[in-house]
Amino acid sequence: MLKINFMQFPSPVSIQWIAELIDAKLIGNSNGFATGINEIHKVEKGDLVFVDHPKYYDKCIHSAASFIIINKDYEVPDGKALLIVDHPFDAYCKIVNHFRPFEPCSKNISDSAIIGEGSFIYPNTFIGNHVRIGKNCIIHPNVTIMDHCIIGDQVIIQPGTVIGSSAFYYNSKKDRELWYKKMPDCGRVIIEDFVEIGAGCTIDRGVSHDTIIGKGTKMDNMIHIGHDTVTGKNCLIAAQVGIAGVVTLEDGVTLWGQVGVSKTLTIGENAVIYAQSGVGGDLEGGKTYFGSPVQDARIKTKELVWVKRIPELWEKVMGKSH
Amino acid sequence: MLKINFMQFPSPVSIQWIAELIDAKLIGNSNGFATGINEIHKVEKGDLVFVDHPKYYDKCIHSAASFIIINKDYEVPDGKALLIVDHPFDAYCKIVNHFRPFEPCSKNISDSAIIGEGSFIYPNTFIGNHVRIGKNCIIHPNVTIMDHCIIGDQVIIQPGTVIGSSAFYYNSKKDRELWYKKMPDCGRVIIEDFVEIGAGCTIDRGVSHDTIIGKGTKMDNMIHIGHDTVTGKNCLIAAQVGIAGVVTLEDGVTLWGQVGVSKTLTIGENAVIYAQSGVGGDLEGGKTYFGSPVQDARIKTKELVWVKRIPELWEKVMGKSH
Amino acid sequence: MLKINFMQFPSPVSIQWIAELIDAKLIGNSNGFATGINEIHKVEKGDLVFVDHPKYYDKCIHSAASFIIINKDYEVPDGKALLIVDHPFDAYCKIVNHFRPFEPCSKNISDSAIIGEGSFIYPNTFIGNHVRIGKNCIIHPNVTIMDHCIIGDQVIIQPGTVIGSSAFYYNSKKDRELWYKKMPDCGRVIIEDFVEIGAGCTIDRGVSHDTIIGKGTKMDNMIHIGHDTVTGKNCLIAAQVGIAGVVTLEDGVTLWGQVGVSKTLTIGENAVIYAQSGVGGDLEGGKTYFGSPVQDARIKTKELVWVKRIPELWEKVMGKSH
């Protein structure tokens, strides 16, 4: 699958017009035209990006992007423009929603969906607005694919699976009547070529990026994938695994059944996680892990043996009278 | 959301007629008219309730309820009536089913369903008989809402979710060919205002009460909620959590991913349960818990450290030769 | 439910024709006619079976089966024939697929599906080609039943459940671009009489056999059952349990919520597994188990107490200064 931009504008858009839309202070090259919006690791000349954390200011401003939405007055490199606002993510969502407004869809398969040659869509499946499905796919019954999601070639999606559900992502304040307020989610789900997804899975769309299932990855039934999570190529994910938001699985990762993976972490290439493990932090690739909380599988296995030895130790120290 | 009665009769019903319907011995005020059926914590004058456990006899008879289905001859307070039967729950179900008989529904959206202004129902969704959906809700594709369930205002239900599935509730006898016999479930599911429910969730209807999701509670994907379970306001429930039947989550409870909660227990206000924990008994509010079986999170964390120290202890006691 | 053959041919098929279809060397009774294909524990005279592991050669050849697809030249008993090929499973799938070719289905309920008297099918449910549903069943909305599956009498299938999804079964080679290649799955799902299946479950079809849910078994919501798994009669399976492929649950097994069961193992009659346990090997019947990895529940319970005693032990050995 070729590189997929986060958002390509239908035609280049005046950066002044965008600055007005989001009520931004525009500095630098104020006569430019933006060609699209992109994630920082994908940006090209002409792209618009946003950054709201000082840690990423430099990286973002010196990336290939031409236009940067930012919450700080900063030195502008030649030919670029900054759009200064208090809340870059809100501004970013406003632009995305302007170009991808909510459109109701009252048909099973939206007229704006594009379905490739040789793909078969079973009945009772919903395919939303602007969805693109590649060639030779099988989309089983009772599947839901929400607006703007992209499915590659040779993909199988089994019954009851949901692609592009809204992110579990809230602004939380406990001094108001309603503690949790839904935050916008501007991203999509992208399923690359040769991916197979089991029955009853749910894959949330991205908040600020796209959620991506990498080429050749195979998923069993009832797997949950959170927003903005990216899996590499050739991952193998067994049934009932849950992966929270903004996780990276590098290529060739194997997760056995009922594993849980916490948010914003990375599991390295070819790592194997045994069933029912709970992953709470980054894991180095090339190793095998087990337990909740997860450990190197050999260490965890030894630990299980050590626990069995407590009675012997007790008897030695305390005597028989326990 | 206003108080929702368990069942309001279309017009007041003669208690004599009810006594005949369920073959009960009627004592006390036999000329009364019942206005509805209610749960014990909601009853008002005119209501009918049932009680079958001696522990609750007094509470029930001295509640605001006017009519009590009971399995014991008991002193009747002035103006009230007792309906004495061997099996109060069966009698109760018989009345409920009389007023809410099974009605097949062969349309996607039943003609008797009521959908509030500003609510959008996606295609491929089933909405059963007598369902009420409030204002400004979004019900996504491939959702199922079974008969009599009530959805408040500003509710979002994501794709593939099931509201009002039948309870997992059986009479069990191992000396017959079929060990498990389905018990009736007379309750509904009530989703209060501003609740958001993720994709692929299942919420069972109540057996003797209603299953209730409290105002402002947010649920991630693939969460299972058992029959008669009640969550408070502003609870936050992460993906793949399973909650058995007759559980109470008080206000502001947070359950992280893949937590399991056993039946008939209470988790106190603002308690936080870490991912993959297993809750087997009541938990006090205001604390943080972890583990399977669950413990106070600080105690569990220390325990994990203690286990790591066994080898050192072993070496000290047994010497190096293990 | 009567014995259900894996595959009965429409009329007896010349074994020479079959040998040609799968390009096999035919030895022994080359003039016979096969009446069907069966699993080794169900075979009768006239049946065709396959065997590819030396461990099962003898059992297979001396079974009631008349025709054996095998990957070794072997002595043929009188009246039988061997069909020798390099890859018996592939040959077997070729025959199955010849008689059960993929047929697209563009209607909610296939014209070739047979639905028994008194069964009610809710809207938005998909019922595939050649599905058979018995009498007095209730199939709720948004259910998917894929081709060739068989549902007995008095079965309840709750909303959103998937019967007959494709197996999670791959040929794995890490020296090619796509590591995992889908293997054929030739089996079906058979749901016996009086089974009740909750909402949001997924039951994969068999690879070389049928996946079977035994008579009177009751399943709660969101349960995953892998390919070729067979449950006995009167099993009770709570919500969010996951069972991998080729597992045998004997009669009367109880699995509490969120239990995980690894592949190709057997859980003995009347065993009880507590919630969140992880089963990695065979378990003897009549006992109660707990833990991940699972142990006899009494041993696990004692172990939990032993862990609590480490600090006391430490203090005794090391003194207070930890």
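Lettered A, B and C in written order, each chain numbered from 1.
One rule holds in what follows: contacts are C-beta pairs under 8 Å (C-beta built on N, C-alpha and C of every residue); 3 or more make two chains touch, one makes a residue touch a chain.
Remember, it's a predicted structure, so these values are computed and weren't measured experimentally.
Colleague: What's the contact topology between the chains, one of line, ring, star, complete, other?
Modeller: complete
Colleague: Tell me the rotation angle, 0 to 180 degrees, that brings the C-alpha atoms of subunit A onto subunit B, to the nearest 5.
Modeller: To map subunit A onto subunit B, rotate by about 120 degrees.
Colleague: Per the centroid of Cα atoms for each chain, what is the distance between subunit B and subunit C, given in Å?
Modeller: 33
Colleague: Would you pick out the residues of subunit A that each touch at least 2 other chains?
Modeller: Residues 124, 142, 160, 200, 222, 240, 258, 276, 292, 307, 310, 313, 317 of subunit A each touch two or more of the other chains.
Colleague: Okay, in this complex, where on subunit C does subunit B touch?
Modeller: 120, 122-124, 140-142, 156, 158-160, 194, 196, 198-200, 215-216, 218, 220-222, 234, 236, 238-240, 252, 257-258, 275-276, 292, 304, 307-308, 310-311, 313-314, 317-318
Colleague: Across the complex, what residues on subunit B touch subunit C?
Modeller: Those in contact with subunit C are residues 104-108, 124-126, 142-144, 146, 160-162, 165-166, 168, 170, 172, 174, 177-180, 182, 200-202, 204, 222, 224, 226, 240, 242, 244, 258, 260, 262, 276, 278, 280, 292-293, 303, 306-307, 309-310, 313, 316-317.
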